[in-house]
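Next come two complexes, and both contain chain A; in the first it sits with chain B, in the second with chain C.
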Partner chain A sequence: MPPHRIPAQPGEWIDRTLPITFKFEGRSYKGYAGDTLSSALWGSGVRLLGRSFKYHRPRGVMSMAAHDANVFVEDSPHVKNRRNNLRGDVLPITAKLDVVACNTKGGVANDWLRVNQLFAKMLPVGFYYKAFHKPGKLFPFFERSMRGVAGLGRIDPDIEAVNTPKRYDDCDVLVIGAGASGLSAGVAAARAGAHVVLGDDQPHPGGALGYQSPLHSIARDRLRELLAQAGQLDNLDIRQGTMAAGAYGDLWVALVDNDKLTKMRARALIIAGGAFEQPSVFHNNDLPGVMLASAAQRLMHLYGVKPFERCVVLAANSDGYQAAADLRAAGVDVAAIADLRSGGEPTDLAYRAIDAGIAVHRGHCVYEVHPPRVGFGVAGVVLRKLSDDNRPIPDTNVLIDCDGVAMSVGWAPNGGILYQAGARFIYDDQSEQLVSGTLPQGVFAAGRVNGVYDIDDKITDGTRAGQLAAQHLNLSTGSLPAAPSRAVARSHPYPIYENDRHKCFIDFDEDVQLVDIANAHQEGYDNIELLKRYTTFGMGPSQGKLSNMNAVRALAKLNGAGINETGTTTSRPFHQPVLISHLAGRRFHPMRRTPMHVWHHAHHARFMHAGTWYRPEYYAQSGKTREDCIIAEAKRVRSGVGMIDVSTLGKLEVSGPDARTFIEQIYTGKFGKLDVGRTRYVVACDESGIVIDDGMIARLGEDRYYLTATSSGVAAFYREMQRWAILWSMNITLANATGHLAALNIAGPDSRKVVTQVTNVDISADAIPYMHVREGDVAGAPARVMRVGFVGELGFEVHVPASFGLRVWKALIEAGHVYSIGPFGVEAQRLLRLEKGHIILSQDTDALTYPDEAGVAWAIGKDKAFFVGQRSIDVLRKHDATRRLVGFRIDEHYRGTLPQENHLIIRQGKITGRVTSVAHRSTFGFPLGLAYIAPDQAKPGSHVQIRISDGALVPATVTALPFYDPQNERQKM
Partner chain B sequence: MKLLTCPINGSRPIQEFTYGGAVRDMPAPDAVNDEQWGDYVFHRNGYPEVKREWWYHTASGVWFIAERDVVNDVIVRTYLYSKGND
Partner chain C sequence: MNRQTPVHNLLSARNPSWGTLHDAPIALRFVEMDTEHEALKTLALCDVSAFRTIGVKGPGAGAFLRVQNVDPPPLDETYATRPLDDGLVVRLGADEFFLESGIESQTYDHIAHALTRNANTMPGVYPIVREDASFIIAGKRAREVLAQTCGVNFRNEPPGKVVLTRVAGVNVMILPSGDASPRYRVWLDPSYATYLWQQLDDIVHDLNGKVVGAACVYPQLA
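The block that comes next holds the complex of A and B.
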């Protein structure tokens, strides 16, 4: 047997028949299957396992449960897909494991950043806040240097992306914690018929039964009984290695295991997560070899590792005496027990310790610990007698040589998940710990979070919680046992001992010292939440599991207040660090395709995202640049005929007796003269008079209207229409037909000749003039045909059921063959409409644009009784306009860099507007665009300057709109 | 993630819903001055209390009212809007 191992323990987690060799800091070590990195290293006699965050102090095992961040490691630099910030306490060893300590320069043993501790006096609390904000010019330098030494693991930029699916799950009762209380809660709820899931972050069930008193037959017997009962219940699903990472609204709990995140929805939640053992605060309480008594017990009972050769036990409860007995049984020489209580231990555990020859020092604290002259660890401790007011008395030193200290001075509830679920904690003066107070509906607590410690009491408390949860779900249970009374105090009210000259750590993660708390308090940080942020206690990776309680105790004393008055800090998700890859998962952004998508794809369309849709941006042609393709598509529309898929347009149907009234109130226009068969451009505003949508309205019948809306805006616009219809009690039928209908726009001087071949509708100029609609058959499909002019040419918009979309598209392409028809994409359409001076909502308008600014005031009906936004537009019109949307052009001989959208219009160093749309090439040859500018610049012919990214000013000339066909003759052909 | 009970579709995860803002009564536009109108359009009461809010079940297109206690983050009740109950 290796020298630091002890004989096999009942219920131990390691398999001594499976030795494993692994690497730490480049050296090989041996352990057993079931060992974690920390246990295997401690079992190999290694005492230096990590370096602290700020001062780079040597650190070893503290909690042996990852309640501290002492042992943070990362894969060695040569390992592929390097992981970092792995917690050594819970990291299983494997033959492949090859890790180094995080946060060192030059390795954990020779970490040169340890010089930081020599400067500790010059790094007082708030140092970084105070020192580095002036002069501002130098901050980038400070920041670079600090980032070099701050932080924990280094990210591997070459890591492969992983796809981690999420599991969605639900249950009646979710129990967290598989100790005595959690198991009995799960059994009780499952016996009542509930579907129970029990999650526990350890690899094996049992909680404290497994490590705290396994030498007692009662602990072993109770665990065996509980597991046997659980095993008989098919509706009790125990998941080991599964951590509750956070609780969210309505009992939605994130469960994290090795492989994945499970989104668990529970109807009732029972927290039986136990308690974190708390350290005492004294000088050098962070040295490797100073550890929690429970950590020593975990090392012995779970991993068969001997924690020390000769130790001192610091106790303030019977747990400490039990730990001393366990240590002795493991062959450790327990030199002394220092008991913080002047009265000592009232149970016969005290006599057993004395009988075993252990020196028991009642009313003594550990005052300081001394490291060895060479190497790392503990060489000896100094005990001091305590005064009646719990202060170490000078000149009462008791010096003891030893290589470790086991601390057993108290517990703090593992209450993070309960807090997050809405519970409040109160300080209980009898047990000297926080216990769960008010619980929200459906949330229950059991065991140590309630201040209940004795095994049979925990079983009663768990059974009670399980039955309460079942009753919450209206399941009947046996008679409810009474809540067990709280045990005698297991926690000392103030296990904190100042040492004038030396470091006493409150928070091991962040190297926050007791003196930092005092200094911060003196500077006025007397509120617990402010103190936390200023000193950063509790803000490290372990979120204050070992520091919050002591910090609260320290502050309460400084404030001369009680714990309840002082308050506690909130622990937020996640309970323990979670791999980012568990959270990232797969991307899920469903995209919509139009019915003609396959055709576009086959014809080399380059697709773009347009809201939730894929739309052809342009159709690629071999040997041609993107811009050449776009210009060619646009020119074809100007000279012949082109066709664009506009199925993404919002398409709404309104019918019914109140349809006309409804439309009058939704849109700015007046529709009294809109006869059946006619169409019109419409604008809609919100209540503040801001333009929110535009489109076409077509009157199909007496009280039947068909509306188009913007592709990206229709969902929100339709939603608002629905609400207005409710608020106004409108007798209408409102339908969003966007996905039901396909639509295309065929435009150009030859478009009529093409459409006429495939339709029974008379589309001659007399039969369907500009801005009219007809219904009929197009290529075998029931269709609505509208004369439109968005791109400024003779054109028809054809709307057909989605299932006919592809067929109609193909028929028109075929019919247009002799006219050299071709498709055009979104870019060509944007250019064509820009030449025509037509705006695109949310491109040429923004969250402050009212109709007058965007040049669509003509679409506002005069003397209307009411429309949404009307009252606000009246108010806006009383003020002077601040900007106008105008056209501009840039000289065709200009050869410099051209402006982009959102570049600013500058006049004498001041911003007067911005570019909203720009085309670097147009069918005219010169660049043109739309821009907001000051009203006094808006006259055609005015010269303005556009500031481009490099700061240069580009001259432009305001131009009357539209650029193309000012008489609007072409679209009316 | 919270649950919200749609009066038509029952209890659903809250991502299925769109928040529609506070329930407000529009004053008669002609009966108020510009300031009063601006107050209606722009100002909202952030006082911690039970709020009456519009919510929309996005998947099915149902608008309804939720009474939400923003102090405790508890949804007190939900129901369809009708002229009588506001």
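The block that comes next holds the complex of A and C.
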């Protein structure tokens, strides 16, 4: 047996028949299956497991309960898909495990950042709020330096994405914690007929029964009985290795296991998560070898590891004496028990300790711990007698040589999930512990979170909670067992001892010392939440599980207040660290594709995101640049015929007796003379007169209208229409057919020749003039055909059911072959419409644009009784306009850097506008664009200057719109 | 064939045996029928978007259907379904219905024809273009697929009534059926079909399920 291992323990978690060799810091070590990294290293005699965050002090085992934030490791640099910030105290060892400590420079043993300890006086609490901002020019240096040493872990940018499932689940009762109270709660609720899920973060059930008193037959018997009862219940689903990471509204709890995150929605929630043992605060309370008594017990009983050779137990309760007995049984020489209580231990555990030859120092604290001259760990401790007011009395030192200290001075409830579920905690003076006070409906607590510690009491409390949950769900009635009392205090009210040499750590994660709390308080941080943020206690990876209570006690003392008056910090999800891959899940990002997507892909489309849609930006051609491709596509439309997939357009239907009235009120225009078969450009505003959507309206029947809306805005606009329809009590029927219809725009002087080949609709100029609609058949599909002119050429928009879309597209491409038809993408369309001076909503408008500014005032009907935004527009018109959307062009001989969208118009050093759209090349050859400018600059021929990113000013000339075909003759062909 | 389901291309890549349904190609089988039948019991994903769908809305929609000899679910049974030959009709609201053809679809054809022919002449009855994609998730582990993608607890949802919810972030309508071997019909906007199919296919694959052909679910197509 290895020297640091003890004989097999009843119920231990390791399998001694399966030895495992693993690597830590480049060296090989041996452990057993079931070991964690920390237990295996401690069992191999390694004491230095990690370095602290700020001072890079040596650290070892503290809790062995997933809260050892200084024992974070990451995969060695040569490991593929490197993981980081793995907690050593819960990381299972495997034969492939090859890890190094996080947060070191030069390895954990030779970490040169330990030099920070020498500068500790220059790094007081909140130093980064006060330093480094002067002189300003050195800030980048300071920032780089700080970033170089701060933070935990190194992200591997080449890591492969992992598809982690994330699932929903439901149950009647969710129990958190599989200790005595959790198991009994689960059994009681399940016996009443509830579907119960019990989640527990440990690999095996039992909670403290497994490590705090496993040598007692009563603990073993109770655990066996509870597991036997649970095993008989099909409706009790026990999930080991499953932690509750966060609680949200409506009893929604995030359960995290090795593989996934489960969003569990329960009808009742029972928290029986136990309590966290708390450290005492004294000089060097962080050295490797100073640990919680429960950590020592976990090492012994769960992993068969001997925590120390010779130790001192610091106790303030019976648990410490039990730990001393356990240590002795494991062959550890327990040199002394320092009992913070002047009266000592009231139970017979005290006599047993004395009988065993352990020196019991009542009313003594551990005042300081001394490190060895060489190596890492503990060489000895100094005990001091305590005064009546709990202060170490000078000159009462008791020096003891030892290699470890086991601290058992009290507990804090594992109440994070309860807090998040809406519970409130109160400090119970009798048990010197926070206990659950007010609980929301459907939430129950049991066991140590209630301050109940005795095994049978915990079982009673759990049974009571299970029955209460069942009654809450109307599954049972009847009397309940009485709530157990919590008469005996297990926690010391102030296990904190100042030392002039400092290094009395309140928070091990962030290296926050007792003196930091005092200094922050002196600076005025006397509120617990502010103190937390200023000192950063409780903000490290363990989220204050080992530090919050001591910080609250320290602040309460400084304020001269009680714990309830001082309050506690807020618990927010996540209660425990969760892997980002678990949070990401399968990364659902719904994206929409048009029916012609496959064709575009096959024809080398370069796709862009347009809202939630994939749209072809342009079609790549061998040997041509992006710009060349775009210009070629645009020129094809100007000279022949091109086709663009506009299926992403919003497509809405308004029908019913009130349809016309509704449309009159939604849009700015007048539609009294819009006959069946005609279409019109429409603009919609919100109540403040801001343009929110535009499109086309087609009257299909007496009370039937078909509308198009902007691709990315249609969902919101449709909701707005529904809202108005309800408010106005209109007798109309609305439908959003956006995804159900494909739409194609065939544009160019040859477009009629192409479309006519595949349709039974008469599309001659007389039969379907500009801005008209017809219904019929196109390439075998029922279709709506509209004459449009967005790109400034003769054009037809064909709308067909989505399942026909690809066929119709292909038929038109085939029909247009002799006319050299080709597809054009969004960029070519943007250029063509820009040449025509047509706006794109959200690009040429913003959240403050009203119709007059955007040049679409002509779409406002005169003498209308009402439309949404009318009154606001009237008010706005009474004020001087501040900007106008105009066209501008840049000299074709200009060779400098060209402006981009959102570059500013500058006049005499002041901003007078901004560019909204720009084309560096147009079908005319010169750059052009749209911009908002001051009204007095808006006259065509005015010269303006555009400031580009490097600060240079680019001259431009305001140009009348449209740039192309001002008489609109081409689109009316 | 004029029509094509929105996931046609994804299915083509698996080289299925093709059939025809309502003027659209339909993947009938991908592997041996016995294997697909086995998958149908454990976990299977199937595209049945070739069925035709249409909506009818408006204050006269219910009366219109009754005139066509269809018995739609009554007013107080929103989201309930009724057979429409071998297809179905769903009440989605007071004045809104969703219809899907079956394989034969005589009644569906009759209604769809009446709706489109008289679209502008029937006051209070308005046809709605519905080109829903439609998938089937079937088998004992089907619920696990939904558990990973949807917040609804389908253990509590009665069969025969559709649920309007979201799957993998997409608005869908789901019709649960079966108990020992659950089966879920999922309808959705076709523009999301490729995305959702890929997500479901990934999950089904991770759960050792299979994509199966429509003949496995509808033997009369074989």
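Here is the rule we use: the second predicted complex is superposed on the first by the 912 of 973 C-alpha atoms of A that agree within 3 Å, B and C clash if a C-alpha of one lies under 4 Å from a C-alpha of the other, contacts with A are read in each partner's own complex, and residues count from 1 in each chain.
Methods note: contacts are C-beta pairs under 8 Å (C-beta built on N, C-alpha and C of every residue); 3 or more make two chains touch, one makes a residue touch a chain.
Everything numeric in this text was worked out from a predicted model, so none of it was measured.
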item: Which of chain B and chain C A:G249 touches, first, second, both or neither; value: first
item: Touched chain A residues, chain B compared with chain C; value: C
item: Which superposed partner A:S803 touches (first chain B, second chain C, both, neither); value: second
item: Contacts of A:S872 with chain B and chain C, given as first, second, both or neither; value: first
item: Touching partner for A:H740 - first (chain B), second (chain C), both, neither; value: second
item: Partner chain(s) touched by A:A781 [first = chain B, second = chain C, both, neither]; value: second
item: Partner chain(s) touched by A:E510 [first = chain B, second = chain C, both, neither]; value: neither
item: Footprint overlap on chain A, comparing chain B with chain C; value: 263
item: For the chain B and chain A complex, residues of the former touching the latter; value: 1-3, 14, 18, 20, 26, 29, 34, 37-38, 41-42, 54, 56, 61, 63, 72-73, 81, 83
item: Residue numbers on chain A that touch chain B, as the complex places them; value: 248-250, 252, 263, 422, 687-688, 718-719, 722-723, 726-727, 729, 736, 866, 870-872, 875, 878
item: In the complex, chain A residues that touch chain C; value: 163, 165-170, 263, 265, 586, 588-595, 597-598, 613, 647, 653, 655-657, 676, 700-704, 731, 733, 735, 737-741, 779-782, 801-804, 806-807
item: Residues on chain C engaged by chain A in the complex (per definition of touch); value: 2-6, 9, 24, 49, 55, 57-59, 95, 116, 119-121, 123-124, 126, 128-132, 144, 147-153, 155-156, 168-170, 189-196, 199, 202-203, 206
